[in-house]
Structures are given as C-alpha cells and as structure tokens.
Amino acid sequence: MAIRRYLFDGKSMSREICTGSFWRDLLSELLATFMLVSVQCVLPLSWGRETGFSDAVMTGLGMGFIVTTMAWSLGDFGGAHMNPAVTFAMIISLKMSILRGIFYIIVQMAGGLAGAGFAYAITPSKYQDRLSATTLGHLVTPWQGYLTETWITCILVITIMGSTNPVRKVGAQMPPLFIGLAVSLCIFAAWNHTGASMNPARSFGPAVVKSVWKDHWVYWAGPFSGSTLAAIIYFAIFDRVDRPKIKDI
Amino acid sequence: MAIRRYLFDGKSMSREICTGSFWRDLLSELLATFMLVSVQCVLPLSWGRETGFSDAVMTGLGMGFIVTTMAWSLGDFGGAHMNPAVTFAMIISLKMSILRGIFYIIVQMAGGLAGAGFAYAITPSKYQDRLSATTLGHLVTPWQGYLTETWITCILVITIMGSTNPVRKVGAQMPPLFIGLAVSLCIFAAWNHTGASMNPARSFGPAVVKSVWKDHWVYWAGPFSGSTLAAIIYFAIFDRVDRPKIKDI
Amino acid sequence: MAIRRYLFDGKSMSREICTGSFWRDLLSELLATFMLVSVQCVLPLSWGRETGFSDAVMTGLGMGFIVTTMAWSLGDFGGAHMNPAVTFAMIISLKMSILRGIFYIIVQMAGGLAGAGFAYAITPSKYQDRLSATTLGHLVTPWQGYLTETWITCILVITIMGSTNPVRKVGAQMPPLFIGLAVSLCIFAAWNHTGASMNPARSFGPAVVKSVWKDHWVYWAGPFSGSTLAAIIYFAIFDRVDRPKIKDI
Amino acid sequence: MAIRRYLFDGKSMSREICTGSFWRDLLSELLATFMLVSVQCVLPLSWGRETGFSDAVMTGLGMGFIVTTMAWSLGDFGGAHMNPAVTFAMIISLKMSILRGIFYIIVQMAGGLAGAGFAYAITPSKYQDRLSATTLGHLVTPWQGYLTETWITCILVITIMGSTNPVRKVGAQMPPLFIGLAVSLCIFAAWNHTGASMNPARSFGPAVVKSVWKDHWVYWAGPFSGSTLAAIIYFAIFDRVDRPKIKDI
C-alpha cells in the first residue's frame, strides 16, 4: 500500500515542497478526508426512526467501506491517511517527514470541516441532529472515554502497521481491505461508549458545524495516545525482535 | 479488470460493430443490468413489515454484492458497467469509443426496463410499493438531491477509476470487490436523501413500470455530474502529476 | 478453484470409482453439505423475537459465509458444490462425469438430511419453527416462486461459472469469496418470495424433518432451471465468442 | 499465514524458550487475545435497548473482523491463535511443540482475563450486563450446548486447517479473511443456543469478572471436542488420501 512510500528520503524538506507530487498528494488527502467525513456525518442520522443496533451496523460497515475504497483508490497518491492520528503514527515510525506530516494534518482538518459543511448543506435541518458529532455515552466518564478511544485507535493503527509492513511473510496484499474491517469493528465496539471516533479530523468537522464541544479533548487525546501506543508496540517490540524474512508461502 | 480493455483501439467504429465480440459484449451488458435492476427492485420491499435501518443494510449490501458478482463474472466480456454514468465516464476518459458507449447505454436502459418488469412479474401486487423507484426523502429539496447524487456517484466512479487503473503500484487486484463496497456505502449514506441511485438505468426502469416521475431529472443530472467530476479529478489531476510507477511492494 | 478439476478425464467411470480420491471427495461433499444445511436450519429461527429485515441480513450473510468457508477449505478435495443444481450445471458443462455427478447428488441429499437432523437435535422443540423449511411468501403463486428460484439460481451459477473459469483475464482468484457474495445477495433478494433456496438439498432436508411439502416442486424445478439456463448462457454464448485470452493486467 | 510456521522444528524445547522470538510470540498472542476478548465483552451490550437480530449481526461481524485483523497484523509473529482450542488442534496436528502450546494457552487465558477486566473498566456498571459471559439459551440442555459448541468449533477449525494448508492448489491467500468469516457465521448460527463461544479463553475472562459459572464446562469441552474432531477429519482423512498437488490455476 502506498502508505509505505512516505519515507523521509534524504531530500531536504524544502525541496520536497517544490515537487508537483507533494501538492497532488495533499489534494488527494483533502479529497479523501472530505469524502470520509461527509459520509460519516450523514450515516447515523435517524430521520425520525427508532435507533438501535442496525444503525450501528450500517454506520460501522459504511465507514469501513469508505476507508477501504478511498485508501484503495487514492492511496497511490497521498497514502490516504484521512486521520491526523494515523499521520502522527507514520511520523514517529520514521515513515514520513515532519513537514509533510504537518501539511497532511492541516489538510485533513480542512477536509473534515468541508465534509461536515457539505453534509450540513445536503441534509434538511430537521434531520441533522448532531451531524454525527461525537459525544460520550450515557454515564461514561471522560476517562473511560479516553481509554476507549485509545483502545480502538490502537487496534486500528496496529492493523495499519501490520498490513502495510513490507517485510511480511505473505506480502502486503490489499491492506485497505483489512484497515476497513478494523474501522468497522472499532465502530461496533465503541459505538455506545464514545461514538467511536479514532480520528480528530472526523470529530472536529461536525463539532465546528454543530458547536458540540463537550469532552472534545477526549477525541484528540485518545486517538493520539492509541496511535502512539500502537507504533511503539509494533515497531519497538514486534518488528524488532528476530523479524521473520519474506517468503512466499 | 475488464473495464480497462475498451480502449479506442484504432479500428474504425464501423468495423468494430461487425465483430462477434461487440454483440457478445452488449448481450453481457444487457444481462448484467437486468440482474442489477431486478435485484434492486425487490430488495427494499417491506412486505408489510416495519422499515428502519436494517432494510438499508440489506439493500446496500445486496446491491454491492450484485455489482461485485456481475462485474467479476461478466466483466471479462463487456466490462459490466451496468450504469450509463459509468459508461459516460469511460468515454470521456478515452477508454471506450463513443459509438460503443452509445450502444452500451441503450442496452443498459433496456436491461433496466426488463429487470423492473421481471420484478413486477414475480412480486404480488400488494407488496410492490414503488418497486424501488427513487424519490427524494422527506424535506429534501431537488438541489439537495442533485448534490447528493453527484457526491455518491463521484465516490463510486473514483473507486472505479482507482481500482481499474493499470498503473497502480500494487497491481489491479479484484477491482469488483472494491467497486461493490463503494456501491454499498453510497447506498447507506444517501438512503434517506435520495434513495441512492447513482445510476439512471436503475432509476428509469422502476419509474416506467410504476410511473413515478417526480424529480426524475435528479437521477440523470446527478449521476452524470458526479461521474464527470470524478473522471476530471482522477485523470486530469491525480493521474497526470508525477504518476508513480508500478512496483510490487 | 477446485470446482474446476472435475473434468471428464478419459478414465472409464468404473475405474474412477476405484480410486481413493473418489471416496474422499464424496466424504468431503457430505461434510460440506452437512455443515451448510445444519447452519441454514438454525440461522433464521426467531426464538420468539420479532422478525423483520435483520434476520434476513443475518441469514443471508451467514449462508454466504458458510458457502465461502466450506468451498475454500474443502474445495480442494471434492469441489464443495453442496448443491445438486450446481453439480447438474457442472455435468452439462462437461466438467464432471455423469456417474460422479450422480454420486455427488446422492451424497448431498444425505448430507442435507443429516444436517437438518442435527439442527433438530440441538434446538429446543419450542423454538424449531419450520427449521427453515422453504415455503412461498404470502400471496406468491407457485409460478412466481418458480421464476424467482430460477432467477436467483441463475445469478448464483453465472457467478460460479465466471469465477472458476480458468481462461479469465485476471486469473481465478478466490472464487469462493464471490460465490459466497452471490449466495448472500440472492437470499436478500428472494427472502420474502420463496425463502431463497437455490438448492434442492437445502430444501429437502428440513422438509423431511418437519414434513413441509407444500409447493416443494418449486425448490427442485426452479434451481435446476436456473442452473441449466446459466450454463447455457455462459458456455454456449459468452465463453464461445471471441474468448479473450489470459493476460495479467 | 503465519499459523503454519510453528512446526516442531527439531530444536529441543528448552532451547526454543531461550530465543527472543519465543517471548515476542507470546507477547503477540497476549495482545491479540486481549483485543479479542475486550472487543467481545462490549460488543453485545444492549445499553438498555431492545435486542433482536441486529445485535447478533453486529457482534458476529465485529468478532469476525477482530479475528481477521489481529490474525493478519500479528499472525506473522505468534500465529495469533487467540484460542486454546485452536492451539490444541495445532499441537495434535504436529504443527507446534507441546511446550510452546502450553505457554500459548497460559498466555491466552491471561489475555482473556485482562480483556474482560478492561471491558469492565471502561463500561458504566449499569450497562455491563454479563459482559458477554456465555450462558445456554432458554430451554437448551447442557448436552445440546455441548453439541452446538463442538459443531461450530469444528467449522472454525476446518476453515483454519483448510486455509492455512500450504499444499493447496490455489496457494494460501489471505487465510485470516476466511477464518474471520467462519467466526462470524458460527456466531450467527449458535447465537441463541450457547452464545457461540468456540473459545475457552473468551468464555473464561468474563466468567471470572462477572462470576458466571453455570454450565461453564460446556465452553471447555465443546471447543476442545470440536477442534479435535476437525483436526482428525482434515489431517487423518482429507489431507492424507491422494493429496492434490500444488498448481496455479
């Protein structure tokens, strides 16, 4: 997967910015995050119907599928992180230069905002609810929310790390498929606890549009903690000790 | 994927029509669109039960799966577009001759009509409802509907472009799988706004059979706008700037 | 996929019966059909809860997954047809000897019976309902039911033919995955019309155990008609005209 | 898949314990089982809503996805069995040394306990219910429960054996995908009978945390019987008789 190719490659940062592919990658990241957040904002709207488990099923599958399709289609260009926490994990794993990472995160926030704005524009105001802005579940404390977001983001980033690792024994086949499954399952798991964000850009967009800021720190601290933890576990421990060599089974 | 092979290949158009494979491809397109629309027409029928989110889940997954299976099984022959908007995107991306494209669209409309007719024949009239004819959701304005259809068709066609691009770094593995996921997620996302057509042939069939023409222009203008936008974004921008070369990761 | 290897290979039929692999293949077919039908019989039981769309989603996905997993795990041995209509399509496509086909069908019926019996044994009688024996939906006429079963079996067998065709342009990657998706979508589509059998062995097992014989002919005539139609369409038309050659895209 | 590489490789057991990769593998197994059981414990919680089929759909898909993603991401290191019954099947199939197996099972039980504890910590006590501790369905006798667990574990382990068999005709592509589908379908099938454990570590964790011990033996005897049965069927019968040779189809 293309996520792998953002090595800090010896070019000075200033020279990287002058390449056409740098700006194309940012445009790709902007588009992918726009699609991700616009889809997210309309998926769980109830339109006056009773909610239960099937809205969680629909939202979880839908979000997994948008991650899979965008990462598969646009991953060649910008990597299609669509998530500041993922970009941060790439930076601390030395797979991406800090400058590029900063640009990515800025573009992701802009894409998330635009996506939430688009969802606002196409949805009748009567049915907008919170436009999927994330809030803590009933009786869930902020620290429980923080732990929950850390936990699911850790699952997501371990899956990203494991799937895109080029030194795998079976090769890196179709990582976006597995990454999408991870997104779906994490949304299923944490749906009632925190709304299952895993992604500050996804939480920030609707929060701005609908002014929902309660416990918003949870959706920044949790994802960044989880992705840092995953990067440490995967690269500092698993990937370092007696790494198995590539072989086609 | 076979969608790729309809290059305008230098044969004059009149000679192309004389080949056996041309008519076989049309027959394949007819069959695939028939299956797509017949499945679509019966999937969301409620049979008197309460509807909610799970009918959207069932319809979205079912439509994604029929696109995947038909594109996988028949894509070798005609590309299995099953959608005039997709065929149009292929034409303006110079992947298909205009004459072939016109024949495809005619055949797709015929297949859609036949599919809706078949659904009409096998379903008791008490339970036919609108046979899945697309209408705008409650309070959704035509322009919101137009934007929604543009948006989801853009997601679909970007996925098609990205998946079938032969210059991908990881090769073009199983594009129909990802295209089907895009169909599913777009149906989940726009279910309440517009019924999530993305496809004039899919909207036209049941509209004729059940005479549902209100706001029907939305289901032509939206998909064509979305597929044009996607073709421009993908080929004029992403695929042109510093295209990464193929390499097996 | 292993479904492909049952070519009529020049051995006389009597010699084939004497090989160990013949009986191993039958045992594999018996086991796979047992698993298929036992899973089918318990999947849609309501256990006193309200039914709607989500039981269709669960049954459709579950049946697609059992077909995929059994065909993937046991397909190497016996092809894992698990379905007399599929075996019949293989015979008339000259991919399997008639004698082998007859043995397969006998074993599939036995596996279906045993599977239904097992489901009967593990389920409290209060919650057995019809053990998933197939009946026509409310107001559905037998001929509508026959057309419906023909239609969905045709979708299934076209997917099988297309996925296991060794002359595909992209190779025959993981056919059981696509075949499973076809099973799922056909169950979604025909759930209310006929219960979506596509498979005489699957309908026969619970019919015997629960003595449900009304309109039972539909579940034999429909699947066999559909698989015959699919074999004719695929091999007599599509696969014969200007067959594209294998090339890795 | 990495599950295959635990051959009893001639090293004496005591030497194996001294390698860094042995302890890394145990850590990987601990992490994977922790994630599996923590996700399991929160997935089916109702949070006061009505339950029905969609909670089964969500739990089944979610558990299938966590197995797929963890096995895909961490399988390179420890095999990611996450299940004592699977480890036992690997031992009796001579794919893993007894000593390694014992360590695995110890670590799996610890991971399951920790996962259940984590789920306890992040979930408001009002909504913890049984934290997904497995109990028999209404009117289901212990022996019916035992047969049910044996049956679904047999499906799971046959899928594992078939998917990871290196002598397959089509190569061993992405086994975790198929193993995850097996987990999902088995949960759908046995949801009402036993809660669909298939895994002593998954049943043990929440049983300790919530002190639910009624019929607990079923969740040990069933999975071990099922995995033993599957190993016997697959390796003693199918894999031994006229094993088809590898060829790329």
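Here the chain labels run A, B, C and D in written order, and each chain numbers its own residues starting at 1.
Just so we're on the same page, a residue touches a chain if its C-beta (ideal position, glycine included) is under 8 Å from a C-beta of that chain, and two chains touch if they have at least 3 such contacts.
The structure presented is a predicted model; accordingly, all values stated were derived computationally and were not measured.
When every chain is reduced to the mean of its CA atoms, the largest separation from chain B belongs to D. Superposition of chain C on chain D using C-alpha atoms only gives a rotation of 90 degrees, nearest 5.
Homomeric contact chain B/chain C: same residue numbering on both sides for under half of the interface positions. Between chain A and chain B the centroid-to-centroid distance comes to 28 Å (mean Cα coordinates, whole Å).
The centroid of the Cα atoms in chain B and the matching centroid in chain D are 39 Å apart.
Looking at chain C, one finds that residues 51-54, 57, 61, 173-174, 177 touch two or more other chains.
Those residues of chain A lying in contact with chain B across their complex are 1-2, 4-5, 19-21, 23-24, 27-28, 31, 35, 38-39, 42-43, 45, 47, 49-52, 54-55, 57-59, 61-62, 65-66, 68-70, 72-74, 76-77, 118, 121-124, 126-127, 166, 171-174, 176-177, 180. Interface residues of chain D, counted against chain C in their complex, comprise 51-54, 56-57, 60-61, 137-141, 144, 147-148, 151, 155, 158-159, 161-163, 165, 168-170, 173-174, 177-178, 181-182, 184-185, 188-190, 192-193, 233, 237-238, 241-242, 244, 249.
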